[in-house]
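Next up, some structures in structure tokens.
Okay, so chain A shows up in both of these, paired with chain B first and chain C after.
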Partner chain A sequence: MTSPIIEIADLSLSYGADEPVLRNVQLTLERESVTAIIGASGSGKSSLLRCINRLVELKPQVRITGDITLDGQSIFAPEIDVTELRQRIGMVFQKPNPFPMSIFENVAYGLRLVGEKSTRVIEQRVEQSLRLAALWDEVKDRLDSQAGILSGGQQQRLVIARAIAVEPEVLLLDEPASSLDPISTLRIEELIYELKSRYTIVVVTHNMQQAARVSDWAAFMHQGSIVEYDNTTALFTNPREVRTEDYITGKFS
Partner chain B sequence: MSFHTRLKRRAQRWRSDDAIMFLCGGAVALCLLALAALFALLVDQSRLQFWPEPVYQWETQDGTRITGQIIEESPSSLVISVGHQASDPNSVRRVTRSELVARSRPIDIVRVEHDVLGILYGVWIESAEPAILSVTPEFKVPMQGDAIVRWYFPNQLTIIQSLQIFADNIANFLFFASPDSPSDAGVFPALVGTVVMVLLMTVFVMPLGVLAAIYLHEYAAQGRLTSWIRVAVHNLAAIPSVVYGVFGLGVFVYGLGSEIDSAMYSDSLPSPTFGEPGLLWASLTLALLTLPVVIVATEEGLARVPRSIIEASYALGATRAETLFRLILPLIGPAMMTGLILAIARAAGEVAPLMLVGVVEFAPDLPITTDYPFLRLDQKFMHLGYHIYDLGFQSIDMEATRPRVFATALLLFVIVMVLNTLAVLLRNRLDRKYRHLLE
Partner chain C sequence: MFQSDQHKPHISGQFNNELGTLKNDILAMGGLVESQLSLALNALLEKNTEKALQVIKRDNEVNALELKIDQECARILARRQPAASDLRLVLAVIKINMDLERVGDEAAKIARQAKVIVENSLLDSQFVNLRLMGKQIIDTLRLALDALARSDAQLALEIVAGDSSIDAVYAQAMEVVVKTMRADESIIPVMLNELWALKALERIGDHASNIGEHVIYMVSGHDVRHRSSAEISNQLESP
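Coming up: the complex of A and B.
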């Protein structure tokens, strides 16, 4: 834990009068590393991810207590502009969700939002992002085609390119490969590995092997709390908690 | 259970399965049949308005002759258009078949459209100037050349000549200028009145409806109040249209209109400018009437935009307005168009409220001009729907104007059909474009 970028302190989340979704979550994310969050469905993994870019606030009657800091500054502070925050913290969703526009416009969307007018700059950044997302060679001749014609795996890489085009510091991946076939999954995993040198990545996954393959750190969540957080090797080979061991060995669902 | 009973039960199950299918298919067939029948009726009944039908001569039991064209045939009686007669002001005669002895189709019968007298059937007995037409042996009409609008031998026409007359009749039906008679004049002013009023209405209803739908769907908290508002909007669509007419008359014409008059046109008072029914008030009333259609269609479009791509836009740092303009509005364009066209189709066919707020039976001046501001917002105008009502129920010679009523109805039917077809095509395009997103 040399240089933390995000610190989550005592974070709780609930919708209206319902049971809290997150309970007193403590988590520190290290810069330029991959942190995997594992856990059963409904354990609050996605909600935790959506707190980090404040996307959770789109839902009505959200109550958040505790704090999240990005580079030492609270993301809930009044002087924080939520749109700027979301440009610093990119997100990729479970199902590929390209916009119904051309491939080029998909990647350029974020750039146009920040007011980039120069066509040259936009073209450069689109190419650079698509290369980084390992998609350039497959789409460079059909940038004006609708994004919908791409395969699921290609769409997901397009969505990653779209997220990194605005040069975020953190990339949140919400089960990025769960709707993809094994080959596409492998490519996404390779991509995560590649991107690690530039971004801090948080990946939520159901897939234990995937978490073990791609991450440096891993957190196990259960019923809205972090049960165990350790470096990946330690968590998978020598879990401290019984519940973690049960989950990763499949005794418990 | 024996093998035999099992077989029997199985056959029974499939029989009832087939029965349900035929029941559903039958319902569809019935709908199509009704539509086809309506269209066929309109075409058949308006045929006399356009196509040069043959002229017959009948001998009756009392020895007189009837010359004319058949308007309506039934097993027991005939309705015959006999044209202008000396004795009888009525140009249509209803006779029972038992009165008639023989029917012939004389080749030398002439059909003359006369400036003053209207339609005459007869034979030329003097073809040099001045020509004389013998309608009956006792009734001979001298014809000045310039009084004859058109004449032809209806029983000698070649197909080309028939087609020429047909085209002529269509042109007359649309454009014939008659300064004082609504039942002869072309329906063009009514067509223009309908279209201008409807277009003006869309200018009012579209921004209002789309903005309201966006507020309801994107901004309003989805609580009890919002759902009540939504129910209220749906209910607005069920209010009888004449109620909107009364509302328009009370609020727009007498309320708003007199205010405008006393504020801006006080020199011409007491004669009202906007304080009486007119184009502006009719458009506004119909805008109100079609508002629910636009709101509902737009909201449906919004509901079809997948939440996931809206979230993706927010996750890239877009504000609500940016997401709306860059992503959502282009996506719901076809849905808005669908709402627009449904609203147009509804407004084009509306009659009752318009009678209260601006439509009159005869206004040959078009509501559009070539001078600024190109629209006569305060002017009363004609409308196809009201034209049908007026011709069908208010004219002196109802039987004679009947083909015209059906022809006008056919025109309105075709306009509404075209608009609705466009709506369906747009909806299909929307489906094709976003299917991969909605799965």
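Coming up: the complex of A and C.
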């Protein structure tokens, strides 16, 4: 690994007095590459993702120890503005969640939020983001239509366009294709591949074939810990840990 | 590039690239092995040690490319879960790769015999049979690679069907070799070398025929191994 952008060090997470959801997670994320986090439901992968942009803190009684650094700086440092952090680390969820407004306004939303006033800049950035999200050709003639009329796959690409409009450094994708049909899924995967030349992408998925297809690095999580973390080809052809082998080959463990 | 590549690309551009690289590499492997065989035969027929040494040295390249192609195949199977024609392509490449590597081994064997012959000054044979059979085998191997490059099942079938004629040429050549040995014991050492080289050529013919079978499987989905060429013909015609 040559240029880490995010380093997760000894990170543990628990809610109130419950069992910890994350246990001493160590993970270094490579810049401009795709890292997949795989694991069964409840293994902690979504919680880990939500720590990276501090979304997890919205839950009550959350307790975090350890540290996450972005470009060498702790994201938990007191001087960090969480809104600004979430602009640098964008997120896309499982279910496409376009806002009840036009296609154009959906993408422009974040830009207006960060105070962009120039119509020209906003128009440019909306077009550029929709192009990057491979959606422009499908929507360019109906930018004023409500986003709700788009198909599920298109909505998900719209949400990705919205996330990249504010030029984040990192994109967190939480099961970005699990509610989509196979062809829309392949489109999203291709989009992920295209976007990694500009962004660092972390994708959580319980579809391990998807992880095998899209990622450069893959981490397998089990009961809140990282069991194995390796380049994706190695992890899927010759895992070092028996628990990884059992999971990716679909055996009982 | 394979001719079938004019058809529809995958949604995943990266998957396209990976399959494209695989196809290029297996064709490069074919080209490398073919040139090894030509050079080895020239070494023998021209009694040229330098060429023989070159073949032996380059066998490493063949082996390295074999490993690289195998790794690519494993990677594609593990990460892309190929289906239908993509799956058949990867399976065919795995097998063709193995056959080509063996052709490379046989070429290296011929080169080693050439070296022994020159070093022991066993220079009086003209290798008439070897010359004839060598040309036929190189042509067959080249056709098999053409069939692969063009995804041409019909051409592949012709190669599979032609293997029995190669076997006949081989049997004939053996007869001549035995007759020559009987007539003049002093020539036995040279003739033994010729015999081994003939055997190597015959094996290469078998590998070319195998490649033909793999191409038929890749293109049509029919596994035609262990079948007569008439049966294969029928199978290809039925939908």
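FYI, the second predicted complex is superposed on the first by the 251 of 253 C-alpha atoms of A that agree within 3 Å, B and C clash if a C-alpha of one lies under 4 Å from a C-alpha of the other, contacts with A are read in each partner's own complex, and residues count from 1 in each chain.
As a convention for this text, contacts are C-beta pairs under 8 Å (C-beta built on N, C-alpha and C of every residue); 3 or more make two chains touch, one makes a residue touch a chain.
Note that this is a predicted model, so its numbers are computed, not measured.
After superposition onto chain A, partners chain B and chain C are found to sit side by side with no clash. When the two structures are aligned on the shared chain, A:R213 is found in touch with chain C, with no touch to chain B. Residue contacts after overlaying the shared chain place A:E189 against chain C, while chain B stays out of touching range. In the superposition on chain A, A:T233 makes contact with chain C only, not with chain B.
For chain A, the partner touching the most residues, choosing from chain B and chain C, is B. Of the two partner chains, neither chain B nor chain C is touched by A:V121. When the two complexes are overlaid on their common chain A, residue A:A77 makes contact with neither chain B nor chain C. Of note, the Cα-centre angle with chain A at its vertex and chain B and chain C at its ends comes out at 140 degrees, rounded to the nearest 10. Contacts of A:V242 after superposition on the shared chain: neither chain B nor chain C is touched.
Of all C-alpha pairs spanning chain B and chain C in the superposed arrangement, the closest lie 28 Å apart. Chain A uses no single residue to touch chain B in one structure and chain C in the other. Against chain A, the residues of chain C that register as touching in their complex are 10-15, 74-75, 78-81. Residue ranges of chain A in contact with chain C, taken from their complex: 183, 186-187, 189-190, 193-194, 209, 212-213, 232-233, 236-237.
Looking at the complex, you find that chain B touches chain A at residues 221-222, 306, 308-309, 311-319, 322, 326-327, 331, 433-434, 436-437.
Interface of chain A with chain B (complex): residues 53, 55, 58, 60, 83-87, 90-91, 93, 95, 97-100, 109-110, 112-114, 148, 159, 162-163, 166.
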